[in-house]
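Handing you a structure now.
Order of writing sets the chain letters: A, B, C, D, E and F. Residues in each chain are counted from 1.
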Amino acid sequence: MRILVINPNTSDGITATIVAAARSAAPHAEILGAHPSRGVTSVESHTEEAWATIGVLEQIELAESGESSPDAYVIACFGDTGVAAAREAASVPVVGITEAAVFTAVTLAHRFAIITMPPRTIAQSDRVVEALGIAHRCTVRAVDVAVAEVEEGSAHLIDAFIGEAQLAILEDGAEAIILGCAGLADLVEPLSGRLGVPVIDGVAAAVAFAAGLAAQGLMTSRRGAYGVVGSAPSAAELLR
Amino acid sequence: MRILVINPNTSDGITATIVAAARSAAPHAEILGAHPSRGVTSVESHTEEAWATIGVLEQIELAESGESSPDAYVIACFGDTGVAAAREAASVPVVGITEAAVFTAVTLAHRFAIITMPPRTIAQSDRVVEALGIAHRCTVRAVDVAVAEVEEGSAHLIDAFIGEAQLAILEDGAEAIILGCAGLADLVEPLSGRLGVPVIDGVAAAVAFAAGLAAQGLMTSRRGAYGVVGSAPSAAELLR
Amino acid sequence: MRILVINPNTSDGITATIVAAARSAAPHAEILGAHPSRGVTSVESHTEEAWATIGVLEQIELAESGESSPDAYVIACFGDTGVAAAREAASVPVVGITEAAVFTAVTLAHRFAIITMPPRTIAQSDRVVEALGIAHRCTVRAVDVAVAEVEEGSAHLIDAFIGEAQLAILEDGAEAIILGCAGLADLVEPLSGRLGVPVIDGVAAAVAFAAGLAAQGLMTSRRGAYGVVGSAPSAAELLR
Amino acid sequence: MRILVINPNTSDGITATIVAAARSAAPHAEILGAHPSRGVTSVESHTEEAWATIGVLEQIELAESGESSPDAYVIACFGDTGVAAAREAASVPVVGITEAAVFTAVTLAHRFAIITMPPRTIAQSDRVVEALGIAHRCTVRAVDVAVAEVEEGSAHLIDAFIGEAQLAILEDGAEAIILGCAGLADLVEPLSGRLGVPVIDGVAAAVAFAAGLAAQGLMTSRRGAYGVVGSAPSAAELLR
Amino acid sequence: MRILVINPNTSDGITATIVAAARSAAPHAEILGAHPSRGVTSVESHTEEAWATIGVLEQIELAESGESSPDAYVIACFGDTGVAAAREAASVPVVGITEAAVFTAVTLAHRFAIITMPPRTIAQSDRVVEALGIAHRCTVRAVDVAVAEVEEGSAHLIDAFIGEAQLAILEDGAEAIILGCAGLADLVEPLSGRLGVPVIDGVAAAVAFAAGLAAQGLMTSRRGAYGVVGSAPSAAELLR
Amino acid sequence: MRILVINPNTSDGITATIVAAARSAAPHAEILGAHPSRGVTSVESHTEEAWATIGVLEQIELAESGESSPDAYVIACFGDTGVAAAREAASVPVVGITEAAVFTAVTLAHRFAIITMPPRTIAQSDRVVEALGIAHRCTVRAVDVAVAEVEEGSAHLIDAFIGEAQLAILEDGAEAIILGCAGLADLVEPLSGRLGVPVIDGVAAAVAFAAGLAAQGLMTSRRGAYGVVGSAPSAAELLR
């Protein structure tokens, strides 16, 4: 089984961290990583999401046209940027890290919290929370850190996450914490140890979920929302 | 007052219809129309929405850099494609035709229905309905017609819309009907006459709303979700 | 175009403030103001709302029977007191200031807050928030000030509003603030300046919206909820 | 224990039917009936609700000022017209027939339906359903009959109710039926017999509930929404 | 009229407190108390709920087979443990104390709070709140006290409840307080006196409600969710 | 990796079908099956759920005390009977087939439907749908077939499922179908072929999800809702 994890920003460093996190969660799958050939260095604004979506489509086109196309895709950006479009373009299932992290939290805890970064991306998390209808059990909080700060690892962010997670536990009754950004896998163990509650990395959750979809032989429905891509030209050509 | 109405698809015909509809709803404003220089001929899939969003950003960049930039923008695509990104890129308010049509229906009727086209775009309408939280009063239905069929006018679609609207009235208790596609302004009068309920065109609703925002001197909040565009390169350059 | 703004309480001072706020938001419309001939000096309780609703109906009857009846009505009381009844009685569209303020906030911000006064009127704001389904994006807060204190202007209330608005921004993630009372237009500029987020006056929002409805030639649906007034006697006669 | 059942319309016949229904549901309480001295013959529109609310307040003022004021009030109009204002004006608890009918259905069935009359009053039922948050279990349907037709009894309406109730059972999965109008107590037994599911009369449900509140010695909260009536003049004086 | 109040835990002390509270709320009914012959000393975990449900069924089987079976049952455990199963097993209506407390609060206050104990049972309260759809008006809080501490009375818990209730009033806008555990009836008067808002005991609320259902002659619907018990063996036999 | 799939009813035949379905979805895991030593032959009523929950706990106690305890549990009963209690009793994650089927549908389709059996179990599906908050995308339908009919395989049920699924597709806009009962794996391929949309078996979905949780090394949160089991005696002892 082969899973392609697409990082919608153009950072090699974050892509490498993501792929490493992915590998530990799907020991029986071959994990490949990719990022757009051109685009944005981090995905925080809706405008950056527009670029990132084109980049995700480019990487799916590339993977689909290759000899050994994957059995499932994971889109590794909190807010699940480009996932709906990817479902149309891909011939196999597509999983977003936000939705997968929420599914995982639901099975481990009654109430839980997403801690995203930076604060302006709360809207992107809210968007997924509303699409899933889980707001009655999931609060969204943020630490004031730019995604770029994760490029070289996330260990230096632990105190900021501890602080916000403790507020989530005390004020929101959170019983588990979702890390609201790809590239934070390094924080799972230390945070979980210090907080005493499960800490969920969306990349690991999504890769595990995608492996499960592929094992079941399921495919995105072509009836309705995720039918064919329509009149859209090739994304790869656009980004050339 | 100057309002730029951006049609996210590349059809000259639909853009002309949209601009005409817009003019009648804001008699004291100068209405300008635009469409992306490159992109998709209709916006029905999520992939087409990705392209259309880049196209919307291109047109906003162009308008903002001109001598006489507008006082407000209207994005004329059902599903409000690209509206969030447009709010970041624009220096003045941005209104989507779906949200504006819903606001309008709320003030005229207790329950109402969107009739969109084709059926696969129900997901895009649902997305706006959920973001607004109005599902308890608004049902979403569809007629099985491609957007391209509107290029030359919409008069031939009246029977399809009558049929679905009557179902909405009888089964959903709809007291008003929202036309779920830009470029259907021709249907407002005949449909309203035959159905005996208000029929709302999102383009007219959005232009009227945008004029009101501009008159109040209000601006998109820069705190939180709609802050600056971030690291995204110029869309115009991409589409060149 | 002529818009009649009805202040449901009997205060001349507040009516004058409201009319002034209305004028700036609809420069091309003739703005008229009115208040009930008899009733309550402020609308804070549900009992006062009962009186105010009769008063709103009285003013609509009066306006409809005149030679130059308006093209739209605005009901200028937070909580949208009497709006549903007004829709039945009026031959043209009716807009409430609460609903219009919410529509406006939705297009400028992802999350926002209403700051109403006094605290007991939170229920009235909640009523509109629930009717619109917007609770997932809108919190309701209150300052402990009686409506009567606005009679001579609202400048002295700025610190109270600043305090509560800052809590809304920090704790609720509000990106825009709605002033939860008619007659607070004086606060828009200073509050917006000090908070750094859009501040919305419902009167201005509603007048702009009403002008837009009138420009579109739309009418309240007579099918269903807002049909004819039924067996109710004249309100004017009652208040005589 | 003394319970005053207020019929918000001015019909002696319907008041008598309501009082009879009330008596059977609270065998240990003294049931008194009242209706406004002036107002509307039926409450179907929002405008009629405005009048009915004043009438409810009039009757509460009258009862409160008497020697033997009641221990609880029931407001016998579907849509719970005037209940919030009545809570302010009354010194003892106030129960609406719609809310009480819903509470009752919740304890007898998983999903259930309100069948109201005429169709335009669906909005009034929806208002209570939304205030209670029970839309996920309760659908609202209507038969096309005017309230006035109940004046002389409701036996002739049984086929209309059977028809709509069967649709509710088959299409909505309703396991119990709420009669959506006061004055339909005659229908409870025959409908229940023919449908094979519980049929709930709001008047009986509300009187039973009000008796329970009085037995517990509970009072409407004076903190927040239902504080004192404020500046409102006497309703009795208005209707004189 | 005879009402059997079943305490799902095996504590004689708590059962006695519950029966006493029940008696004062239904002066015209004969109140009987019961608890499982075997089971758990308190119901705080979902596992304890599993046992308690079997115990509730055992007591209903016992009561139904006796000569003088009751006219209604009350299940006296916050979270309404076993109520759905009890509705299948019983030949007369069954009321949970949580649902009844919420109905009561709804008629006395706009917003209100449950204060349960210990914190882990928040999930059980949330379950009822979601089933009723009342989360928009009801917050759930907890004091960190084990149910066992109530065995000898609850007077020593008053300060803990005062503290949390005041937070509910100030931060959540609660206008009434629901005591989130059976066996706390002693707290109603002192808490209500000190807080100045209604304080609701679920046992009293449920007994009053059950008496009302019995007076109306209503029965649990046998269509759908609460049909016959199916293939389940006798619970009494299991617990022997 | 070892996953124990617990069938909460006592049927050997259904347990065997379930284990077979489970094996295909987690090719790298050892799948074990179990059912209660005593209990009910099918789980359709809430009373049967009470028994089934005790049976699930019995099997977890047994597995936990063995030498080779599993890495995750799947509870294979639609409605996720006993899952919350199982989370307390188990030292490793527990997944319900209903929740897992919903997660799976969410990633493959915008709107989807559960088709459960028999109709009375709609309440159990609704319970999970509400706990997950997914009612805006998921409808619940039923075929009128008893669970016992699945004992010998499900091929004879295909026409009943086709009929209801087609209604879901046409009337609800369903783009994928969830089989609302364990033991229906045989229907996945023929149904999917004839309907042209993904058909999801909860057992396969849950086993795949459980394998993913185990691979991530995650554990049920012990803070809050799923803390220790408390005072409950051994379930195994009860069922002896």
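Convention: a contact is a pair of C-beta atoms (placed from the backbone, for glycine too) under 8 Å apart; a residue touches a chain by one contact, two chains touch by 3 or more.
Everything numeric in this text was worked out from a predicted model, so none of it was measured.
For chain B, the chain with the farthest CA centroid is E. Each chain gets a centre from the mean of its Cα atoms; for chain C and chain E, those two points are 43 Å apart. Chain C has its Cα centroid 27 Å from the Cα centroid of chain B. A separation of 51 Å divides the Cα centre of chain B from that of chain E. Shown for chain E are the residues in touch with two or more other chains, namely 110-111, 119, 122-123, 130, 135-136, 173, 224-226. If the chains shown are joined wherever they touch, the resulting network has some other arrangement, not a path, ring, star or complete graph. Of all possible chain pairs, the ones that touch are A-B, A-C, A-E, A-F, B-C, B-D, B-F, C-D, C-E, D-E, D-F, E-F. For chain A in complex with chain C, the touching residues are 119, 122-123, 126, 130, 135. Those residues of chain C whose C-beta lies close enough to touch chain D in the complex are 39-42, 44-51, 53-54, 57, 82, 84-85, 87-89, 119-120, 122-123, 127, 130-131, 224-233, 235, 238-239. Residue ranges on chain E touching chain D, taken from their complex, read 24-28, 93-96, 99, 103-104, 106-111, 132-137, 169, 173, 175-176, 196-198, 200-201, 204-205, 208-209, 211-213, 215-216, 218-226.
Residues 110-111, 136, 173 of chain B are the ones touching chain D in the complex.
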